[in-house]
Amino acid sequence: MKKPLLCMLTLAACLSACYREERPTPPPPAPPQLAAQSAARLSDIEPGAPRPPAALPNKYEENAYALSQGKSLFRKFNCSGCHSQGGGGMGPALMDDKWIYGSEPANIYATIIEGRPNGMPAFGGHLTNEQVWQLVAYVRSMSGQVREDAASSRSDEFQTAPPEGRREKATPKNAADAAAAPRG
Amino acid sequence: MTPAAAIPQSNPVLDRSWSDPPGIIGWLSATNHKTVAMRFMLTTFGFFVAGGLLALIIRLQLARPDSKLVGPDFYNQLFTMHGTTMMFLFAVPVMQAVAIYLVPLMIGARGIAFPRMNAFAYWIFLMGGLMLYTAFILDIGPDAGWFSYPPLAGPEYSPGKRVDFWAQLITFTELSGLLEAVILITTIFKLRAPGMTLNRVPLYVWTMLVTSFMVIFAMPSVMLASTALITDRLVGTHFYNPAEGGDVVLWQHLFWFFGHPEVYMIFIPPLCFMSSIIATFSRRPIYGYPVMVLAIIATAFLAFSLWVHHMFATNVPELGKSFFTAASAMIAIPTAAQMFCWIATLATGKLNFRTPMLFALSFFVILLIGGLSGIMLASVSLDLQVHDSFFVVAHLHYVLLGGAVFPLFGAFYYWFPKFTGRLMNETLGRWNFWLMFAGFNIAFFPMHIAGLQGMPRRVYTYPAEMGWGMLNLISSIGAAILAIGILLFIVNVLRSRRSGTPAGADPWAAGTLEWAAASPPAPGNFSIPPVVASRYPLWSEGGVAGSVKGLVDHRREVLVTSVLDAIPNHRATLPESSIWPFISALAVTVLFVASIFTPWAVVWGAVLVTPPLVAWFWPKKAATQRNLQREVKP
Amino acid sequence: MSSPRFRQTPAADIDVSLLPTYVYGAGSMMWWGTMGLMLIEGTVFALAIVMYFYLRSHSLTWPVNRAPELLWGGINTAILLVSLVPNWLTKRAAEREDLPAVRRWLAVCLLCAALFLTARVFEFGALHTRWDSNAYGSIVWMLLALHTTHLVTDTIDTAVLLVLMITGPLEGKRFVDVSENAMYWYFVVGSWLPIYAVIYWGARL
Amino acid sequence: MKLRATIAAAFLLGLCLCADAQQLPAHNALEPAGVQAAEIHQLWRLTLLICSAVFAAVLAAFLYAIWRAPHSAQQAPADVSSLAHPEPRLQRRITLAVLAAAALLLVLVLADFLTARRLAHLPLKDAVQIEVTGHMWWWGARYLDDDPSKLFDTANEVHVPVGRPVILQLSSADVIHSFWAPSLHGKKDLIPGRTALLQFRVDKPGLYRGQCAEFCGFEHALMAFTVIADAPAQYEAWLAAQRAPAPAPVSAQQQHGQAVFMRSTCAMCHAISGTDAGARLGPDLTHLASRSTLASGALPNNRQQLAAWILDPQRFKKGANMPATPLSSADLDALLSYLETLK
């Protein structure tokens, strides 16, 4: 009675190996065809009126290793130099609910690749696609947008904010939405 | 010659009151120490086989240089799981599992103290093991080594839940191990047959007493360490974060303060498997009973004073290191004394080389090599060279297989007739022994050389030009032979269980009390509990001086005696079988597993765990009524 | 007290049918079980205190934050010490099998535990550090949380025993349970004193 | 018997393999090339001798015991006379044996103590100071000098002068690693938050391999380094060369290669002194072409392997942190030509 049950359980388990735990990650999730779209956008970079966000899910948001790689890249590439661990400084805060250029993965991807006015450099070419998606996943985790069990825990360094995995999920307010909302 | 009390008699009333209830619910409610112990042994053996299979994949991968069979990710999980399984799910628990079967029989008791807690400890252990293997199958297998050094095992470098499952496994197994230690200590101190004063206690029971005390003092250390690790990972504490005042070496101290005594928890019980087997097959008592007991106690004490020899390569102070070298060398002395006593016993005995004896005697080769290489590792300077190299892999397998697994297999051959009523096949047994012995040495001896040639541990591959290929190939071949030996053991068990020669109560004409019970023992062990007057009651004239009368048969009544001299003190009634230990274990499992994902699980988990625990404790009206009828106040 | 007492083991068959069916104190298995648990938990506490001083020896400033306020810790210690009295009375009543007294004093013990747990909540607040602030905060919280776990367990134990003493079913050995529960409370109080010293005065040394 | 045969076979094989490995960088605790390793090797020989003697003696006693003792049937009555009477002869012999064991242990402990003392008292005057940092999974080395302009970084290969003591200041950038060059000295852990010192002296010129000895994650197995012991003059020449910044690219292709380096992923992690590339996340590449291996000893350093490594590091080191860099063949060619100038 127990054996077939056990076999079935094992089989089911094998088929559903946990994606959250996979590492080192295989080739990145299929790149959304951003290059073509963004090529068009390159000409009229401006805040306000972002395109309707391409709601493409970033699979890395569910992978703990990719998120931790993103965190490590964020630190190593000195993103904190401007964004200061996400709390904001010279650059905008990334831990809060305000998104100037949109909170969707594709928006953040474009921000990293193309840069934004007022100081955000374009990292296109300097980063591989995979690295960018890892960073995108991590940046979203900074305001609690990803699964709690995949987001990073504390780092082995001075603590400036609670670990990503323990942050309240902020409901993103895109600047565009805020502008569109009737003022009261 | 056999005293009256030693003749097993059947007593249907007694059997019924000590039997486990029927049906599936009854199966889950079982609390008889033999039932629980049998499940415990089978479970630990299952984990042993699983850990062994992992080891075979490891050996397959390392058989050739630059092998691409498994990648680093899976390999790291493999060796972590292998180490964790063997240390936490096999080596320590199997010793306790055998003990909860044998100790009550050896001390002439009808049951074990706290039988429900015993069942609970088993279920907790089983669920912990299943949790770990479920995680492994789901690719959440821990991959930071069985020693989980932070920061590698910490939140930053081990993202995801892999190490959390490891840390929770520690909680499961330590909880189970600690409870078993309390049960064994109480059983040994309070349930001995009248007349079994402390200096008549069988050596094996002594070792379990000492081991249980070691468990109590050592295991809290790793529990504390792993709790700190898991809170570091889950709620952001800073125990191991040097930037916030923590220290990664703190983990190493706590871990090895447990980890080194653990080796002795694994190694001390088999010492007295040896003593039991050698006495029986030399047809004489072990020479130097007081020396043996004192040696075990000395070993246990010293075991707590040498944990730093695992950390010589860190920057602990030099003078401190010399102390630990001296302590590590000193622990060889009691072991040497024990070995000399056994040799003396052999030299003055009348020998009979049956399979259990072969396994026991292999100790003199394998453990001797392991012990001597241990002395090399204890030296600060030598250790700097061989530490974390394959030399250590060789050493620890010589100690743990030679010191624990070979005697354990001998013990299985020796007590199998007691467990099942049938003898194991002798021819298969000899094949089994020689294959294991040869396979073991072929597998592990070359690792000494590989280590000296500079091969580090825990590597998933090595470049061909290092020239380690041939040594590793030999090792892998040896591992295969060893595996065939163990396969033969399984075949032998399966065959003998059905069609082995019927054994009778005492097939080896041995001297200790467990052989006075039937094979397999009746649910209540002894229909007429004995009174003891000798260390080897079944050998000495008048060793079983008489019997205990007046214990009630229709309840689970045991005679509680005094600690030192085993003078009868009172009659206690052990509780009925109950499903609640199982349900409590389930609730605790939910708490532990859920707390990997959210710290709040500790709070609502506690709410979940409390009702079954209360139900477990809550007395039944009928049973209370029955007890009241025969109650005698102190 | 007519039951037989064995001074030494008789040589031949012995009849134990007149021996008591339960005893108090070190003779009983329950005493040894409780002792075992206390030994385990005592080891845990001792090691946690060692951890405290180890971390302290590796830190330049200690305490890293403001030292904990003395008020709530002091109140708690006082409550705990006071609770020893009803606890002792409970133990004595249990061993005399005086059911009304057992009920009364168990209830007082429970009250003490409830008071203590309430004060404990404030005590956490008065630590002036969080578990995730730094290693000092982590170890202080761990010490206090470990002890609180024991308090909670023993409070639940006491509550269950009180209900049992009121509703039954009762037999003599249930009084042994009460007596052992009281012994465990001694341990909870006894282990608090060094922890209190470490948390409050270790930070001020 | 089987055991003996096994030991003999294993030893013989081991010896053959040692002989084979002669051509390569030395990596063997049994072939010391420096004074520290030699001290330890001496202690090893003494320990091995004593332990072998003890092994032989105990085994002989054991075999003698089971050879001498009579055999019997299993059901033969047991002889329990020893429970009543002491056995003084056995007692004397066992006491003697235990005392002998204790005495031998004392010898070993003393020898160990003396070795540790000698190791601690080796002269350190005029030592070369190198800061070694463990990274997942490569080694950074910084040659210290009182004159800050003479500082320079290199990776995975350290040159040291023969006959002069070397002090390594070991620290870690991430997890615990352990520095172990078996032919030179025992190992020392690199622990985050702490600094450890390792002193050694190489007495024979040559190449010595070492490897990380503390499990540190995916590529723990392929985290090797080479210590190159040069004659003093050669060493000084090497120092001078290393202190110089990278030469400017000359040909158009090399210049194009440098541009590729600067605008692709390379410059995010690697430093080349004398250029804009200053990141310290990967090995310093200022004098890459002067090194004999790539990827922490995983590959030989030549154009082909370098190209393969750049295009797909994970093919060689599955867990490597360096990302695969897709480059057109023209860009790759140019990049390789540029990197080859970094002598």
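Side notes on the structure shown:
Note that the chains are named A, B, C and D in the order they appear, and that numbering of residues resets to 1 at the start of each chain.
Please note the rule applied: a contact is a pair of C-beta atoms (placed from the backbone, for glycine too) under 8 Å apart; a residue touches a chain by one contact, two chains touch by 3 or more.
Note that this is a predicted model, so its numbers are computed, not measured.
More C-beta pairs touch across one of A-C and B-D than the other; that pair is B-D.
Per-chain CA centroids place subunit A at a distance of 49 Å from subunit C. For the pair subunit B and subunit D, the distance between mean C-alpha positions equals 36 Å.
Taking each chain's centre as the mean of its C-alpha atoms, subunit B lies 30 Å from subunit C. Subunit C and subunit D have centres, each the mean of its CA atoms, that are 52 Å apart. Annotation for subunit B: residues 73, 151, 232, 235-236, 238, 241-244, 247 touch two or more other chains.
Each of residues 132-134 in subunit C touches at least two other chains. In subunit A, the residues touching two or more other chains are 24, 154, 156, 159, 162. Chains that are in contact with each other form these pairs: A-B, A-C, A-D, B-C, B-D.
Put simply, subunit D touches subunit A in their complex at residues 192, 218, 263-265, 267-269, 281, 314, 318-319, 323-325. Looking at the complex, you find that subunit D touches subunit B at residues 2-3, 6-7, 10-11, 13-14, 16-18, 20-21, 24, 27-30, 37, 39-40, 43-44, 47-48, 51, 54-55, 58-59, 61-62, 64-66, 68-80, 82-83, 87, 90-91, 93-94, 97-98, 101-102, 105, 108-109, 111-113, 115-116, 119-120, 136, 174-176, 178, 180, 182-183, 185-189, 191-194, 196-197, 209, 211-222, 298, 318-319. Of all residues in subunit B, those touching subunit D in their complex are 1, 71-73, 76, 144-145, 149, 151-152, 157, 242-243, 247-249, 281-285, 287-288, 291, 313-315, 318, 321-322, 325-326, 329-330, 332-333, 336-337, 339-341, 343-344, 346-354, 361, 364-365, 368-369, 372-373, 375-376, 379-389, 434, 437-438, 441-442, 445-446, 449, 452-454, 456-463, 465-468, 470-471, 474, 507-509, 511, 534-536, 539-540. The touching residues of subunit C, counted against subunit A in their complex, run 132-134. Chain contact summary for the complex, subunit A toward subunit C: residues 154, 159, 162.
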